[in-house]
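Letters A, B, C, D and E mark the chains as written, and numbering starts fresh at 1 in each.
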Amino acid sequence: MQVNEIKEFRPKIVAFCCNWCSYAGADLAGTNRLNYPSDVKIIRVPCSCRVNPMFILRAFQRGADGVIICGCHPGDCHYTSGNYYARRRMTLLFSMLDYLGIEKERTRVEWVSAAEGAKFAATMNDFVETITKLGENKRLEDLRCKE
Amino acid sequence: MKKLSLANLDAFFAKIADKQALYMPIENKAGQLQFQRWTEGAKLSVGCNTVRSAKDFFFPQTENLVDFKVKGKEIEIIDSRTEKEDFVIFGVRACDVRSFAILDKVFLSNPVDTYYKSRREHGTIISLACTHPEETCFCRTFGIDATQPEGDVASWITEDAVYFQPQSDKGQKLLEKCGALLEEADESPVLRQKQQTKTYLDKLPLATLSTKHFENKDQLEVFNSEKWAELSEACLGCGTCTFVCPTCQCYDIRDFDTGKGIKRFRCWDSCMYSDFTKMAGGQPRLTQLERFRQRFMHKLVYFPINNDGEFGCVGCGRCLKKCPISMNIVKVMKTLEGEEK
Amino acid sequence: MQKIGVFVCWCGSNIAATVDVSAVSEALSHEPGVVYATNYQYMCSEAGQNTIKDAIKKYGLTGIVICSCSPRMHEATFRKTAAAAGLNPYMVEIANIREQCSWIHKDMATATEKAIILGKAAIAKVHLNAPLTASQSPVVKRALVIGGGIAGIQTALDIADAGFEVDIVEKSPTIGGKMSQLDKTFPTLDCAACILTPKMVDVAQHEKIKIYSYSEVEAVKGFVGNFEVTIRKKARYVNENVCTGCGLCTEKCPQKNVPNEFNLGMDKRRAIYIPFAQAVPKVATIDANYCMKLKTGKCGLCEKICTAGAIDYSQKDQLIEQKYGAIVVATGFNPIKLDNFEEYSYSQSPDVVTSLEFERITNAAGPTSGQLLRPSDGKHPHTIVFVQCVGSRDTSGCGKPYCSKICCMYTAKHAMLTREKYPDTDVYVFYIDVRTPGKNFDEFYRRAAEEYGVHYIKGMVGKVAPKADGKLMVQASDLISNEQLHIDADMVVLATAIEPDKSARPLATMLTASMDTNDFFTEAHPKLRPVESPTAGIFLSGTCQGPKDIPETVSQAGAAAAKVIGLLAKDTLTANPCVAHSDEMMCNGCSSCEKVCPYGAITYVDKEFRMPDRTVAIRRVAVVNEAVCQGCGACTVACPSGAMDLKGFSNSQIMAEVDAICK
Amino acid sequence: MNTEALIPKIGVVTDIRIDTPDVKTFRIVGLDGKKVFEHIPGQCAMLSMPGVGEALFSITSSPTNKDFLEFSIKKCGCVTDWLHQMEVGQQITIRGPYGNGFPVETNLKGKDLLFIAGGIGLAPLRSVINYVRDNRKNYGSVQIIYGSRSKDDLVDYREIIDEWMNDEGIEVNLTIDREQEGWDGHVGFVPNYVKELNPDIRKTVLMCGPPIMIKFTLAGLKELGFQDTQVYTTMELRMKCGIGKCGRCNIGSKYVCKDGPVFRFDQLGELPNEY
Amino acid sequence: MQRIMAEKAKELLQNGTVNRVLGWKKGEFVYDITPAVFNNTEEIDAEFVYDDFCANNLSKYLIKESRKEGKVLVFLKPCDTYSFNQLLKEHRIWRDHVYAVGIPCDGKIDLDCLKKQDIQGIVGIETQNDNFIIHTLYGDHTIAKEDALAERCLNCKSKKHVIYDELIGRDGEVLDSHRFDMVEKIEAMTPDERFAFWRGEFSRCIRCNACRNVCPACSCENCVFDNPKSGIANKAAADSFEENMFHIIRAFHVAGRCTDCGECSRVCPQNIPLHLLNRKFIKDINEFYGTYQAGEDTESRAPLNIYNTEDVEPSIVYKKGGNH
């Protein structure tokens, strides 16, 4: 198996997780020793509404192949309404990216509660698989940042 | 003078493009003329002038200057330039060709800008005489003859042929390479065309625009004119005029951290931008009036002072067409002149 | 540039078994700004913490990165460690290499590689950290309770008993609220007045409680710990301090034809009145809409007969300003208007009544002195139909989508009491579901149905039509036997949905407290902070937050009081320093940020600026109240100019993390 | 001159001296340990840290110093903040020298010189002063009037006290803006001090300092009888390329980086007042 | 119309209602109109103009003008009133310093439409019924008005003035335009086609910032792209990524605030159809969150500053958003 893989594509994935639900969900995934690929790196933000479209584009510029935003389930936001705003912003942003011909599968929003460690791991496994299938991000890359 | 049958035009282009990149005005998706690389089947467009000037060939919008790698306290400097390939630009109009002379005065004066110089050396210019000048044209104001453009090779397109006249060694050599397609020709069709074009040039609305007011002018007198306030009032502070201008050459130098190293690049800048002269210690041109004034003072007064009276404008008329608020050098010249009368 | 120390924890074998910790500390030691990097078995242990403290002092560290377990676990610990060594606690960043690395990966090489990247991201972030200091604000040791029903009363009493000053603002002339209109309470059937009125007296007599009756909140400024509230004390034309409540005026007043709101308009009162006998404060109020003296200048009888000299026709509304540390909203509910439910003929027949009206009819102090009599002819009804869910659980748009929660139980109570007092009466209850989730609730309902012979019919009432003989024709469907029923009833009682009091919406705006689409106040967290509003310092008590019965209201009132006491017990409030901050030089004053702030932490000021062109300009700029901001960051994205940023999670910090991860 | 004008060389910081709370002097040599380039007093060089930015600074050391270049730099922005936190051994990039410099070998030769400086304005003049000290016979008398906000803000204080004041034929007049404990020298603003000292109007003046100081000192000098043609100053304006091409440092038709930074006041008088 | 407007301006200047007038000024040719402030009746008589070329949306100038002393008269076309209203909503204009006069608009000529039909050397234009007669150096051309109008005018969304102090002429109606047709066409493309389409457009961008500087919604004191502290500052679009980013972020920042006045596309020297980005957001907002027209009023909350608990999930993009 290992021998035949000459150059395996390892996606770079940035996950923005809200501090109160999804980051805790990710912690729970760890506590329960649930596996997901190490390609996923988590950035802790207070709330999904903290995620600026700038950050997402920045990640793609710097070589990310996929960006996922995780927040509390609608209605459960620690700040009552943050994820609702995030939901609107991301819906519009993703729709725009799709409109520009950029693969829509590269961006995703998932609601993961602090109790959903299993969901977190499953989500990440699925997302990594999707991105691996898509391959390298070519449409929103900055050539200067590629070696 | 050499003649190329129009039927052989594509063969001629193919011959040139065989050895080097060939650029010419080709209509783009937006229906505008743009210098684009010629490939088999591309169609030369000569209806009017390109939206962007030809300065891009020698002074591109952005270009990498030098790379750095930083490790700990150490820095490595990497000159990542590679040898440029030769290229030919076909269809450059008289105004744009003159702009190269103006850019040369800036970039080739000591200390020489080697980035510019290298491109200049690799480029061969085949200029093209105008036949249907636009109402915004005023190259004559700056002593340019649209029917007899400068450049390595001058060319004229008539109904059935293209006529070439080499004007430099480089041009001569280029034509020699395509010798098989060319034949010696009588220049009378060209003269007829020139005659016809001149009648149009005479009729242009700006045909009589003169630089007289600005010749040997004291810079303080123009600088202190009260008209600048009114002229600059509606200016949006965008860079359209600057970026479509064939002679504007201000640039900015910036560093970009790629995460793997630093790329130092230069890019077009505009004196119309509010941050153009902003620096740690303050901002010497605080309002749009000052920035607006700088641009026109530079073209009409400062540049001539430093360059034996040559103006920093070639009358191509691009800014007249493209300014979002239709403020331009012609209005500035007329208003400042009118003030004196 | 920061001088950064990196501390990699083994967490015994929790981390070290999967992550090569020395490789991590080695790799991170070459990162820019890192002057010291080490690893240790247990960083959170005393010895581990000492390593950190020593390094901070020895190397003059300006920032530290700890690669360890989740920050949710030990961020507070390490912040304290840093503070103990003289480093600002907010110069600490944690790279989570346990829960989010060693525990989820099996392969040492990949886990180590990931741990290094996470460490680099934390280093990149800490480079941009700035020391933060939590701001302190004093707490005014006084609470305001808005609404004087059972919720407000209980909250006020609990707070006052803890030794804090409390003011109650009640918009009607007396406290007591809806509970004072009730007869008996389910499921124990004890008398509402008997348990409520002593509490009302307690309130009146409590030295720490001040009642502003016949008053409303006019304006609210300030923030948690420091609200400035303007209260409008409406003119009641009676000097409260002088009136003895003897009631003579209310008997002599010649204007006898005023609908009595206490009995829901089913009888009349005078223009000068005391709502009910046990009213608190027991003082008379002149109804300016009906008083002849106030309307025409003629009469003045009450002034003449008042021996105390309490009548004052010249009284004006009074504005009172008071500071509070906390505000409790207890604005309560009202039954909905039945305009959308013409099928029940409520507006056509006086014998179709709401449950609250039925409550008054059966109350000894009510319009019929407790006799169950038909409003139309004063005769004893023999057939009564109760209709459940009138306007509740209604998704058609005519009523309310939610369950009003109390109707099942009070209907069972009404049915049972009717059957008990008047066994000759046939009682039908039409229901969709009977919901009895409460202590002794289901037993109570079953008693009504089984012991008292109430006819419970699962089905909908389609139409109620007055007949020529004075009876009401009730058309209904029985869903179980699947047949159409026609009942000739003497009375129909509608279990009307309840909705938040109309005063709640403008109040929420004043308080910048959020509401749901039904105008119920929203909680800071539906499970974990059910009695707090998202707006700091605003607490929720009773049905303003959602439908609930008396025991639930009272327990929530106590809970709200406990939260208030917890707040007022503090001398100062320490705010979370990771709050939003607006760069006023860049702010456009466009109000986008204000719109998305769930806490009302953003206000605007017009400020003078020296502009780049040396002129002075007045610009509208946003100001964040750091004591109110909770640091969610919604505003930072709403702000197009980037003027709004979040301390501790700034744009540049997050982007530095992104860069480090994607490198 | 550097053939690749825009590609810098590497400089190594070999010494850092703290002059005042916000001024540090950096000593820089090339990778080979030698001076990076030769210069004329008053010229500038472009220093940069890749990724942080590039900025132009006056060379503070005298060309007579054969070992290294020195730059006195005041903290006032992104690049200077970075430079200020450097440690010895740090590499930076350097390119230059740029500008015309003071006419030390022509117009100034044989003249009695009056140096007037305020604050960090001493930096470019220090290069001239030390050049003059090292070629003492070529110049007449030297008077230095230097002022700063406080004693702590006097740049090169030790060198002034230990060397310049001990030199024969050099008169040093120091002043600070406000009274300060431990200061028994003159107190007052530079323009006033110049008037008080009433220097010989045959002297040639080299002046550098904040714009407000220049403005009032110039007026004072004129009152005393000095002509515009006797007064030189040096400017540092928004320079980017350093070679007169990028188009932002011009004052009217003159480029500060190329035609300046040293100007005589009669030259400035012919240019728009846009600085 | 020009005469009526000039008379109105002079009347208001003379009776002291306003002390200056923001309008349009004649140029060298027939079409090069410049926005200008007129301070007295003489200036109005000499240079004031209103014709088929007065395309500039003057509302943005009010940010600056309304902060000056005295009251300024401004002439607003229907679509300009939306921008004006939106700026009022964002507290960018001092309302009491402005006297807004609504003026009718029959659509403005886009010079590029003429140039595309190989009409050049234009020296004069006359109107004749539904046609323009264009005099050029090389002869006359007659073209239908419709063929000369700017795209935004052919797809005019409203002839109604949503705010004014005074109206010249009759007010119009909100129109049922086809402005989303092109957006739909792009949505119907495959992702590869869409990518190729936009890359082709954005690659021409020269980052002159004309779109931004003319945009009434881009009224920031300091744009993030100019602010080195923002982390996304860029001046040159040195890489295709930066071209994309500039336009995505700009469109996002004006999403829910853009009134679709179309100035961005008008001024783009490279003819990039920037309005198609804004319209995509407008279309999405309408579809996802209910119809919303920025600038229609000053009270409603912008779609990105409000939410509904029942909002669609971002995953709708995978199901819906265009062709695969």
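Here is the rule we use: a residue touches a chain if its C-beta (ideal position, glycine included) is under 8 Å from a C-beta of that chain, and two chains touch if they have at least 3 such contacts.
In this text, all values refer to a predicted model and were calculated from it rather than measured experimentally.
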Sorted by label, the chains bordering both subunit B and subunit E are A, C
Ordered by label, the neighbours common to subunit C and subunit E are A, B
The pair out of B-D and A-B sharing more C-beta contacts is B-D
Cα centroid separation, subunit B vs subunit C, in Å, comes to 68
Cα centre of subunit A to Cα centre of subunit D, whole Å, reads 54
Chain centres from averaged Cα atoms put subunit D and subunit E apart, in whole Å, by 51
Dist(centroid_CA(subunit A), centroid_CA(subunit E)) in Å evaluates to 37
Multi-chain contacts in subunit A, i.e. residues touching at least two other chains, fall at 53-54, 58, 62-63, 75, 81, 85, 89, 142, 144-145
Residue ranges of subunit D touching at least 2 other chains are 78
Multi-chain contacts in subunit C, i.e. residues touching at least two other chains, fall at 596, 638, 651, 655, 659, 662-663
Pairwise touch list, complete, is A-B, A-C, A-E, B-C, B-D, B-E, C-E
Interface with subunit E, subunit A side, in the complex: residues 53-54, 57-58, 60-61, 74-75, 81, 84-85, 87-105, 107-109, 139-144
In their shared complex, subunit E is touched by residues of subunit B numbered 28-32, 34, 47-48, 51-52, 61-62, 132-136, 200, 203-206, 230, 233-234, 236-240, 242-244, 252, 254, 256, 265, 267-270, 273-275, 320-322, 324-328, 330-331, 334
Listed in rising order, the residues of subunit C that touch subunit E in the complex are 517, 585-592, 595-596, 604, 617-620, 638, 640-643, 651-652, 655
Within their complex, subunit E touches subunit B through residues 27-29, 31-37, 56, 61, 111-112, 115-116, 118, 120-123, 136-138, 200-201, 204, 206-210, 212-214, 226, 235-238, 263, 266-267, 269-272
Residue positions on subunit B within touch of subunit D in the complex are 65-66, 68, 70, 73-75, 77, 79, 106-107, 109-115, 219-220, 223-224, 249-253, 255, 257, 262, 264, 266, 269, 271, 276-281, 284-285, 290, 294, 297-298, 301-302, 305-306
